Structures are given as structure tokens and as C-alpha cells.
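In what comes next, subunit A is part of two complexes: it sits with subunit B in the first one and with subunit C in the second one.
Moving on, here comes the complex of A and B:
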């Protein structure tokens, strides 16, 4: 475990540059055989991690899930991450039939490509896994990633009229909400 | 259940009502937006978030040391497991190896915690079904005994903060192992007692048999885990399928029920799980390296030098840090796969926490289970998936 190369650490940009050429892992190999380009990222504690383009996400996950030899059919979690210069949507995939299979798929949207007042857009995987439904809503709610094609993309943990995305790095807490003199105070 | 009034042309309007958020049987604060056609449920939308405490945000704004103590509150009935998931993910990133004694202690307290959680579920579930008087006290009697033991080892009844990054906090007090052993010997008889009252009870069978069927494919589609999934016939128990800690050295069975996975199957699965947990604790008492606390005391300084007996591999103070890196670790909590995804940048606070809570995924399947059932079955079904609302909302 300790030999695993450290992943890009968002606060230390000098360490953030990963080794330029990582060897393609077994899952990346499988995908390239089926004509899907992917990029290997530093392993997440011994688990192969790949990055795919947002446009390729649906076909990638469909292929990984439906092929009989891979059968990564268990979507454990979808996490939204606000990195220093990208918004990441991270998919942890396991397999029901073979417990040793694990894969982390990441989609990265550069912040520079997101227009002001717009949300980064990632295709939704809810049509493949109902499990993704609530996880994507949570990621939308907290990190502000818009999942295109989601049937019901609405805030899930925060109130429906909440402003801002609390897990973004530039999020400002509504300080006034805890002030007794404010008529809209939560107290 | 529909009453035939003799006029098939009779039309009824659908009605939308709120169930909750303040409903005594929701074990927390859950709001269900029900679309009803008379008695029958036509559509359900669970509205969650009333107990949202921003646990992930807090994790990013508290030091590791502070957050460790806070995280038991996510699922207040199984605090050991949330601590364990966090500790495992952090240990993966750090590459620390935990001593066998600490691992055994972790397994013991966690299995005790699993039994207390299932016992509370059993008592309250019977209340949900209308067994208001008498019965709930039986499981709570055993639960108190276990909570006393957990309090003796961790200092708190439910918010333990006992499993830490790098090991466990301390050795149990003197006499603890004997008391626990006595408990494990009498506990199977107590489970027999509950079963004598409940399992073959005609009212209970009528309320649970064939109600709230969850098929294998739907359960897997929604990412349902834990006893709820195993009652539907899928063999997924991380203690067996992805053995962590010392579970591969212990003998126990994972109850998997074939069939349609109704409410009764989920009940049966949990009852059997309690018996298995009891077996695990029994084996741990015999196998634990170093033996009881009395024997450790006799060793004196030798125990501190022995790598197998060392409890903590990391200094516990406010300077606690975790190396830069990212990791995901999961444990099998009483409700299912409890995962923790950490991105650390090497500072005293984590960069990102993401919790994969079993209750969150298990609750999302609720609409599939409720549609087509009468309103009286809602609590029988909702109770059977054993959701803890703070675990859903975090």
C-alpha cells in the first residue's frame, strides 16, 4: 500500500503533477480494445483509477457493466469533488460476482472551461443504475455538478431553496443565518 | 384490502398527503410525500435532509483528531462502524498495519455493536407493527447489558470514539472479558425467547409474510446492501466477500435467504445475524492475542514492547495527520456497506470526505417497495429495511 504513488494533492501544486506516462492497467487495456480512450491516473490505494472524457462516460460504464468478463455491475458511490482546477465526478465500481474486481472512474471538468454562472456538466448514469439517482442529486446539491439526463435533479440534503454549493472551496457560509437579530435567522 | 362497494364505476380522486416529518415511526425525521388512491399507495417521494448536519463539510473544516470524535454521530446506533470505516480509509492511505490484538478488539466491539443495533431494531420494529406492550423490553434488556460493556471499554454508551486511526484507544477494564463471556453464553437462549414470541406469531406473520417484496434485480440496481440485500438472495457481506481485519480467521456463516425477500425474510436474516455475531465474539475471546486484560497486566512492560499487543500505531494528539493521497474503504455495518472516500493533501485536515452510507442507498428503494400496498403497511415495510435517518442525512 505504501508504495502506491500519491494522488495529486490539491493544496500542493508542485506535487500535483503526476508521472507523465503511467502504464495502461488491465481495465484501461480492455477499454482501448473496444475503442474507448482512457487515461490512467495514480492508483487510489491499490485500486486502478482511470479518467475518461465526459462524452465517453456513458459508453465506458455501459461496456464495463455489461461485458461478461469484466462485469463491474455494482455502483458503490458517486462523489463530486471540487479540486483546485477541476470538478471531478468519481465513480467507484465493484462487482457482485467477483469481489476482487474494483475500479475507480473519474470524469474531470476543467474549471476554466465552465462559463461564469454555469455549472459543470457530466452525463448522468441513472439510466444504468438507479443507485446513481440519489448520489448524483447529492453531488449536485453539495458540489454543484449538473448531471445531464438525470430524471429529477433537485437538491436532496439541503433545503430546496438553498443558495450556493456548500462543498465548493469558494463557498461562503451564510454568516447572518446564525445572527439572532436577523429576522431570517435559523435560531 | 380494497373494499368492494358494489359499484365498479365509482371513481375516486387521488390524494397527496404528507407523512412526517414528525412521525413517531420514522425513527428520525423523514417526510414521505404519498399519493394515495383511497387506502392504496400509488406513488411515494421520500423527502430527506431534515437531519442534515453537514458531516462532510465538517470533516473538511475540522482536524483529523476532532473529526474522529465527531463521526460516531453519523449513525448513532453503530458508531463503531463509522469510526472503523474512517480509520481503515486513513490507514490505507498511510499504509499502517494494525497489530492483531487491536484488530481483534475492533472485531469484538463492532460485533457487540451490531447486536445492540439489531436488538434496538427488533424492539422498535415490533412497536411499529403494534406490539406496544411488553415485547420491546426483552431485546432492550440484553441491549443494556451490551451497552454497559461498551461503556466500560469506551467511556460512552453510544458515541464511542474507541476505534481510532492507527488502532484502538485502550484495553478493556479488568473483568470485562469475563462479563462478556457470560453474556455470550446466555445470549442464544435470549434470542430463542424472542423467537418464541415473534417468529411464529400469527399476527406477525400476517403483517410481514409476502409484504414488501424486493426482488434480487431491483435490490442490485438500487445498490441496496446489508441484511436487506441478503434477504433477497444476494450473497454480499464484506466480512466474507472482501475479508478485512481478522474476519478470514473466524468461523461464521452469512445468512442468505432464497426467495422473494419480503419483510419476514429481512426479520429472519437479522435474527440469524445476531446469533452469528455472538459466535464471532465467543471466538474472539478465545483467540485474542495476549488474552484478557488481567493477563496483559501480568506481562507488565513486556506487553508494551510486543508488536502483536500494541494497541495504537499512531500518536493521538491534535497534530494527527494523514499522508497525501486518496483512498476508499468499506466495512459491513449492521445496515450494509459503509464506505468512506477520503482525499487527503497531507495537512491536518482532509481535503474531501465522502460517505457512502448504507441507509442512504437502502432508503432510495422505498418507492419500489411501497407502491401498491395499503397505507397500513408503510411502517411495516419501512421499518423492515432498518434505516437510520441521521445516517441518511449526515
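Moving on, here comes the complex of A and C:
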């Protein structure tokens, strides 16, 4: 793999026609060479975005981090997104050796596959990439994605007994005397 | 001194409320210092000396070092030489509520912080004052309608002076302090007693969870009754 990935020019025509199959990017090709299926997603900033299956996440990230020519060895952030019909766990990767290398890896859990009162489950990357530790806790706290295998999955920003996941679309904020939502408020 | 303010603030209404009658468990919660007791005595029973006592008290309002976000930067700058809050006797920012008279709530109060703020407020010795500094603590400010921010600090502790601004200029803090001093100097005895009664431990929020208790119970009264029955 000697191409310089993530140049903005090839990304622009893809944006115009999202329904068609997007061409496989350099990182997707690298992964498929190593037997990992991935799907290219449109992205507006010109950074290659791929989707992988939850079961493939660990081997994908390990492969991208450890291979000599790719060397995406910096996990910038792990974030959670509540899309209308999926829960996304997003991994931004970057390379210390070549600052132009960037990749976004997404894991999408369809909401239909999550049973009522259950949390969507994504394998944790903390065991082999400790930078993800607090990020995954935050994503669990605010979006409610359960990272299976996380050593200490507990709320990090909200109080430990907070009810609900505030960044979800269906979140209802508390109604009590600390805000104006309560008709019986003290003022 | 047969009766003092702190007993009312504790919510203990007994026939004889001398300090020696207090149950042992409650003794360390009485935080009036000897000097405060003396000033109280002067301003209450030696009426001609009351203005002097109030003047002394109003010129030594010691704030608590309490800043939870950006407003605290302005609070720090008001202690520096450019604005020099020590001109008004308030330069001694105390790191413990036991030695402070005033909380300047400099910053956003989140629901997670609310129980801690109430604890700090209750640990202040009488007489205690609160300046709600910044739009956040006055009404919620730019976190209006946020799920995690207390929409105005007067929902959890009583406030003496509201100081709007985001953040207020240091001159604003000085102005709020002067207003507070004026209030201390002109407060009548009845107003003082009334305020002290209003300032008894605020029980609207559960300590452990930070969630408000809807039916406000007088927990101290309850504890007193339990102690009596034993």
C-alpha cells in the first residue's frame, strides 16, 4: 500500500450520488486484502469512512494499528451517535508517522435489533487500546451503548444513578424543582 | 445570651435552647465562632452599639473559594491588585466553609454539583450570605433548559444578591459586594431573624442522588425527636 489516502478529490463525486455503491477506498482495499469485509460510507470531509461488523471491530483496529504501511496508531476519539434507525459507535484513527493519514471506522447497530429495555452492544477496544477507556464510558453515559468487555463501564459525566441517556433522541429530561418543567415548582 | 440564631437555623425549637442542652451529636454542627457570638450579642442586646457591630461585620465578609466554571476567572481577577477586593475587606478567600461568611457561586451549578454546594452552604457559620454570580446561577443562563444544569441557584440555596452577566465584570462583583454590605448594615433585627429562619438547612435536594425531594421534610426536627425518644 503506497497510495496516499484521504485526498479530498475522490470523495466529492461520491457525495453527489449516495445510493450507488461507493468505490472501495485504499483502507477498505487493505482490509479486504487481509480478509476483513468493510463497507464504504459517504463522508463530507474527504476522510475515508468505512463500516465494519461488530464482530470484526477488534481485528480491524488491530490490523490498522499494527501493520507497518498503514500504521494508524493513534485513536483520536471514540464517540457514540444516535441516528434515526441505528446506534453508531465511531472510531477516528490517525497516524503519528504521516499526519495526512486519517480514517473513520463505524460500527452500526440497527435499532430494530435491540430488544426493549436493552442496550446496543459493541465490543470494547479498551483491552488492547486503553485510550478508548474514558471515551467508551462517556459514550455509554450519554448515548447508552454497552461496550462489552470494558473493564469499568460506569457513567463518567452524569451522576452514577442518572436515569436515561441524555443524547438519545427519545430522551426526556427530568421534571422536578430544579428546572421550570414542573408546574409545582417552588417558584 | 438565652437564645441565639443558630438554634433556629438548626430547626430545633425547644423551650430551652442553651448550647449546653444540645445533644452531643449536634454539638459539632454549631459553628458560630466566639467573635460572631460577641457581635451577635452586641447587635442584639446593646442597641446603641448595633451599628458598630454591623459595620464591623459588613467590612469583613470573607468569601469561600468556590468557582465551578468561567465566572471564577473574574472572581480571581477581582482578588488581584487591579481591582483589589481587599479595599472592602473581602480579600481573604477561605478554602474551608467553616471560616467563610459568603459564597460567590461563580459558575454553572450542575445537578451533580448541587448536593456538594448545599453541603458547603450548610457548613458556613451563621450569618451566611450568597451572591449568585453570573447568568448561569441566576437563571440557568446559556444552559437554559439543559437537562444537567440547575436552572438558577436559588432553587437550592437562598440568595442575597443576584449579579447578572456572562461573566460579570469585576466591577460588578465589587458592586454586588457593596450591595451586600449595605444589606448587612441596614438589616433590622426582625429581618435578620427571618432570614436566619429561611436559611435553615435547605432540604429540597436529596444528598446522595442530587434529586429534589418533593415533600420537604424537616429532617433535623425528625432527628431531634428520635434523639429525645432514646
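The rule we apply is simple: the second predicted complex is superposed on the first by the 159 of 187 C-alpha atoms of A that agree within 3 Å, B and C clash if a C-alpha of one lies under 4 Å from a C-alpha of the other, contacts with A are read in each partner's own complex, and residues count from 1 in each chain.
Keep this in mind: contacts are C-beta pairs under 8 Å (C-beta built on N, C-alpha and C of every residue); 3 or more make two chains touch, one makes a residue touch a chain.
Keep in mind it's a predicted model, so treat the numbers as computed, not measured.
Asks: So, does A:44 touch the first partner subunit B, the second partner subunit C, both, or neither?
Replies: After superposition on chain A, A:44 lies in contact with subunit B alone.
Asks: Between subunit B (first) and subunit C (second), which does A:118 come into contact with in this model arrangement: first, second, both, or neither?
Replies: Touch partners of A:118: none, neither subunit B nor subunit C.
Asks: For the overlaid complexes, name the partner, subunit B or subunit C, with more touching residues on subunit A.
Replies: Per-residue touch count on subunit A favours B.
Asks: Touch check for A:174: first (subunit B), second (subunit C), both, or neither?
Replies: A:174 sits against subunit C, while subunit B stays out of touch.
Asks: So in the superposed three-chain picture, is A:166 touching just subunit B, just subunit C, both, or none of them (first/second/both/neither)?
Replies: Both partners.
Asks: Looking at A:158, would you say it contacts subunit B, subunit C, both, or neither? Reply first, second, both or neither.
Replies: both
Asks: Based on the superposed arrangement, let me know which partner A:134 touches: subunit B (first), subunit C (second), both, or neither?
Replies: First partner only.
Asks: With the touch criterion stated at the top, can you tell me which subunit A residues are shared between the subunit B interface and the subunit C interface?
Replies: On subunit A, the overlap between the subunit B and subunit C contacts is residues 158-159, 166.
Asks: For subunit A, which residues are in contact with subunit C within the complex?
Replies: 158-159, 161, 166, 171, 173-174, 176-180, 184-187
Asks: Would you pull the subunit B residues touching subunit A in the complex into a rising list?
Replies: 48-49, 52, 54, 56-57, 60, 92-95, 220-223, 234, 236, 241-242, 323-330, 337, 339, 341, 343-347, 351-352, 354, 356, 360-361, 364-365, 393-394
Asks: List the residues on subunit C that touch subunit A in their complex, please.
Replies: 111-112, 114, 140, 145-148, 150-151, 154-156, 204-205, 209-212, 214
Asks: For subunit A, which residues count as touching subunit B in their complex?
Replies: Those in contact with subunit B are residues 1-2, 4, 6-7, 9-12, 15, 44-47, 73-77, 79, 81-82, 90, 92, 96, 99-100, 104, 129-131, 133-134, 138, 142, 155-159, 166-167.
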